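Chain IDs A, B, C and D follow the sequence of writing; residue 1 opens each chain.
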Amino acid sequence: MKRTEIKSDIAWSAPDRILIHGHNLCDDLVGKIDFGQMAFLQIFARLPKDENERRMFNAVMVILVEHGITPSSLSTRLTFSGAPESVQAAVAAGLLGLGSVFVGSLDQAAKMLQEAITDPNNPGDLELKAQAIVDDFLGRKAIIPGIGHPFHKPIDPRTVALFKVAKETGYDGPYATLITLIGQKAEERTGKILPVNVTAAMAAVVSQMGVSWRYCRGLAVAARAVGLVGHIIEEIRQPMAGEIYMRIEHEAGAHLAPKQ
Amino acid sequence: MKRTEIKSDIAWSAPDRILIHGHNLCDDLVGKIDFGQMAFLQIFARLPKDENERRMFNAVMVILVEHGITPSSLSTRLTFSGAPESVQAAVAAGLLGLGSVFVGSLDQAAKMLQEAITDPNNPGDLELKAQAIVDDFLGRKAIIPGIGHPFHKPIDPRTVALFKVAKETGYDGPYATLITLIGQKAEERTGKILPVNVTAAMAAVVSQMGVSWRYCRGLAVAARAVGLVGHIIEEIRQPMAGEIYMRIEHEAGAHLAPKQ
Amino acid sequence: MKRTEIKSDIAWSAPDRILIHGHNLCDDLVGKIDFGQMAFLQIFARLPKDENERRMFNAVMVILVEHGITPSSLSTRLTFSGAPESVQAAVAAGLLGLGSVFVGSLDQAAKMLQEAITDPNNPGDLELKAQAIVDDFLGRKAIIPGIGHPFHKPIDPRTVALFKVAKETGYDGPYATLITLIGQKAEERTGKILPVNVTAAMAAVVSQMGVSWRYCRGLAVAARAVGLVGHIIEEIRQPMAGEIYMRIEHEAGAHLAPKQ
Amino acid sequence: MKRTEIKSDIAWSAPDRILIHGHNLCDDLVGKIDFGQMAFLQIFARLPKDENERRMFNAVMVILVEHGITPSSLSTRLTFSGAPESVQAAVAAGLLGLGSVFVGSLDQAAKMLQEAITDPNNPGDLELKAQAIVDDFLGRKAIIPGIGHPFHKPIDPRTVALFKVAKETGYDGPYATLITLIGQKAEERTGKILPVNVTAAMAAVVSQMGVSWRYCRGLAVAARAVGLVGHIIEEIRQPMAGEIYMRIEHEAGAHLAPKQ
């Protein structure tokens, strides 16, 4: 059997020291960088190059942490109620719902933008590209990823906040312009209110940071794990899982009761 | 059926704004706090009260992110090789191994310390308490949680680094003293080299920060989710899962081949 | 580094044949045994020795498949609503809640019985053993695993059905007697209605079949995976996850709305 | 807020009885049907209509249970080594890898067949349909789902076994014919050895049974959960996870050791 080499460049340890992506954990990281920089290091295999990059990355991660009561946080709470000894399983159960319906639009929006602009230094005619994307998606009656929101309209306030940081840090380049144009042209063509939602705004910003669309879901999953821990802590103090279970169990089966 | 109220204090949204633990996400958090402060906010339901608290918390989270090739990161990589469309599932699979064997010692060490010192302002005689704990565990041939390490010895360098930050930030109180005494007395009683390992050091520090031992595993799970995303990104570029599978499959079944 | 051998006795393949626990899959299993026998083979590493053993095992598995709307099946449905492309993740999310609260009582009841009767051919004085167990648990105000049920009382009908099969197949030995005595003595001591519930009945039966208590949760997890697939199929046709999410999200946050 | 009804038709309970898909669990199922019939009931919401249907379904499930050492069973074993208290989490971790790469070909093959033959009583010209499918996939350099196998060639023996049962039970209709023709035409066009593999054979059989391709992955997930429990039981007796971890950890990091 032919063997290929197994190697990882992430970490190396000796009894008296640990290197992570080439940095000495104890001498150079602990007490010197924050959790946001550490997340950046783990994902990009280097530390942020300057304060602007650090700030832009943190802004994205901050937005991703907490989205309130969702199928994902409900799944975490319900799982915790059955297996309180396994906090890790409750977080895992919540992460498993971050699929195509909720977080998938982030990858898909980033993919759409990165396929339209392969070199942000040479973005081409963004008006034309935006119109082509809108015509393509709407022509086949598909939803444009990241365009429109059922609740945060006419404007998604998170998009405004994120693009403000992008402007201040220099990450408001052609990707942000393109997604804004896509939103405008989609509103023109449909006559509906279709804000650039927060997933599209994040997609534009991380594309400008050079993050492949393939890694976007990873950012969301990492940040949401933090958020789900917050739901477990609240569930310990102020539980809702048992009540949800009883109510739904009662209602769902009521019609099956044999007639007297 | 009696109904009880369902409520969560974590998040609230209107079309034009989102509150998280009472803070306006767009006005007060995005671009203003980093991912570490956001994790703190989500876990403690308040922002860090000062730079010392922020720094101590970040130091703990930084240590928890990445532990190299472990059963957990291998499980993430193997799962990703079968379901590359589900990054969330690969992270979840890795988190599921953070149970009693690896991360459990963090909760257990924190529980031991918090049961010994219920009020850190009134810690009692720590020499006596340390001796009692050592005698209790070793008397029933149990492992003292967080004491000893198979590789990082005679000293765990992460303990040194973390306690240095604790000293600088004022979190080097009675819990750190107690765990240090426990380590010394365990070495005296057994004649073995038994460093205070990083999980015990973290347990002491977070106990001093007022974190209930019940929440400790949550911190570890949140931070490790970030770490596992890094393993997925490396697995995309430089895969090892297929090679592991082939080697193990080949070796594990070789003895079953029918004799010719 | 010292290496130890890696081996598995479960399966072996050649291009033209596959052995599973020593049986030729294509010649001897497919079309010849049913899914229940295959589950038995996979768990016991041998086929059932006779029709009685086969029937008893199937009766246990049949009971374990479906328990209606539970935190576990709700978690499956909610996860599916977010990641419908990952049926495996929705089943996994549901399994993760089968922890200490729901399925844990099966292991615990089996452990209690197996520690009390180490050799079922030589069971000792079961009256005395039952009294000692009841006194031990109730003396420290602990719940006796598998004794009592909030809804299926004064008798759990599944216990009756399972013990009927046990009687017909010869698996109604000392473990069934012991758990029945424990239930009686618990009722006598407390004056409450405390039926031997289905988990205790299953614990008695599988103990009589020689299944270590360590493997009991595995039986439950395997059977429930089948059950959860049924919930996904119903969720596709007749969804409830979206409605649950909307109702709970609305109720949970209502109290946070700023006063006008 | 508009509310829609929440209902489930799967189960209903009273203190003295439980109905599952309309059948009385204690009177009609326990001790009377086997685990295979129960799985059928849970998935199809009815019992098998005759012995042929029962036998065909069981043959498919038997094949799906155990596939030896795979990324999925390795993930289960590694997870169990870190969290032995959570059997459910170890099974879940293994299921999570049953995604597009391994089990996805089952859904995809069934989808291909069901789109080509919408009414099996009126299958149309299967030669033409097979040729069109082969031309379509190979024309865009795509893999035809279920065609070809890296190891089980020139014939997959499980396909032979499954189609034998299909013939005996009357499930060898147009779907089996179509997939066989697809295999032949793919071999003709490419000159390569491309057996109809077991996933394609299962896809043909379950299509003939009337199972929507959307539910196929559910069958695989349910059966494999049983298989993964077998791996946990073997891992308890004869562990490999620790050895895998040590070997891979050692090899993966060796190149990072600082030069002396």
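Quick notes on this structure:
The rule is short, and it goes like this: a contact is a pair of C-beta atoms (placed from the backbone, for glycine too) under 8 Å apart; a residue touches a chain by one contact, two chains touch by 3 or more.
Please read all numbers here as calculations on a predicted model, not as lab measurements.
A count of C-beta contacts for the chain pairs C-D and B-D puts C-D on top. Set against the Cα centre of chain D, the chain with the most distant centre is B. Note on chain placement: the centre of chain B and the centre of chain D lie 37 Å apart, centres being C-alpha means.
Averaging Cα coordinates per chain places chain B and chain C 31 Å apart.
Each chain gets one centre point, the mean of its Cα atoms, and the points for chain C and chain D are 23 Å apart. Along chain C, residues 6-9, 11-13, 68-69, 83, 85-86, 88-89, 92-93, 96-99, 240, 244, 248, 252-253 each make contact with two or more other chains. Those residues of chain A lying in contact with chain D across their complex are 5-9, 11-14, 19, 83, 85-86, 88-89, 92, 96, 248, 251-257.
Those residues of chain C whose C-beta lies close enough to touch chain A in the complex are 68-72, 74-75, 78-79, 81-86, 89-90, 92-93, 96-102, 240-241, 244-245, 248-249, 252-253. By the touch rule above, chain D contacts chain C in their complex via residues 1, 3-4, 6-13, 15-18, 20, 25-27, 29-31, 33-36, 38-39, 42-43, 45, 54-55, 57-59, 61-63, 65-69, 86-89, 91-93, 95-99, 103, 151-153, 155, 157-158, 160-162, 164-165, 168, 214-215, 217-219, 221-223, 225-234, 236, 238, 240, 243-244, 246-247, 250.
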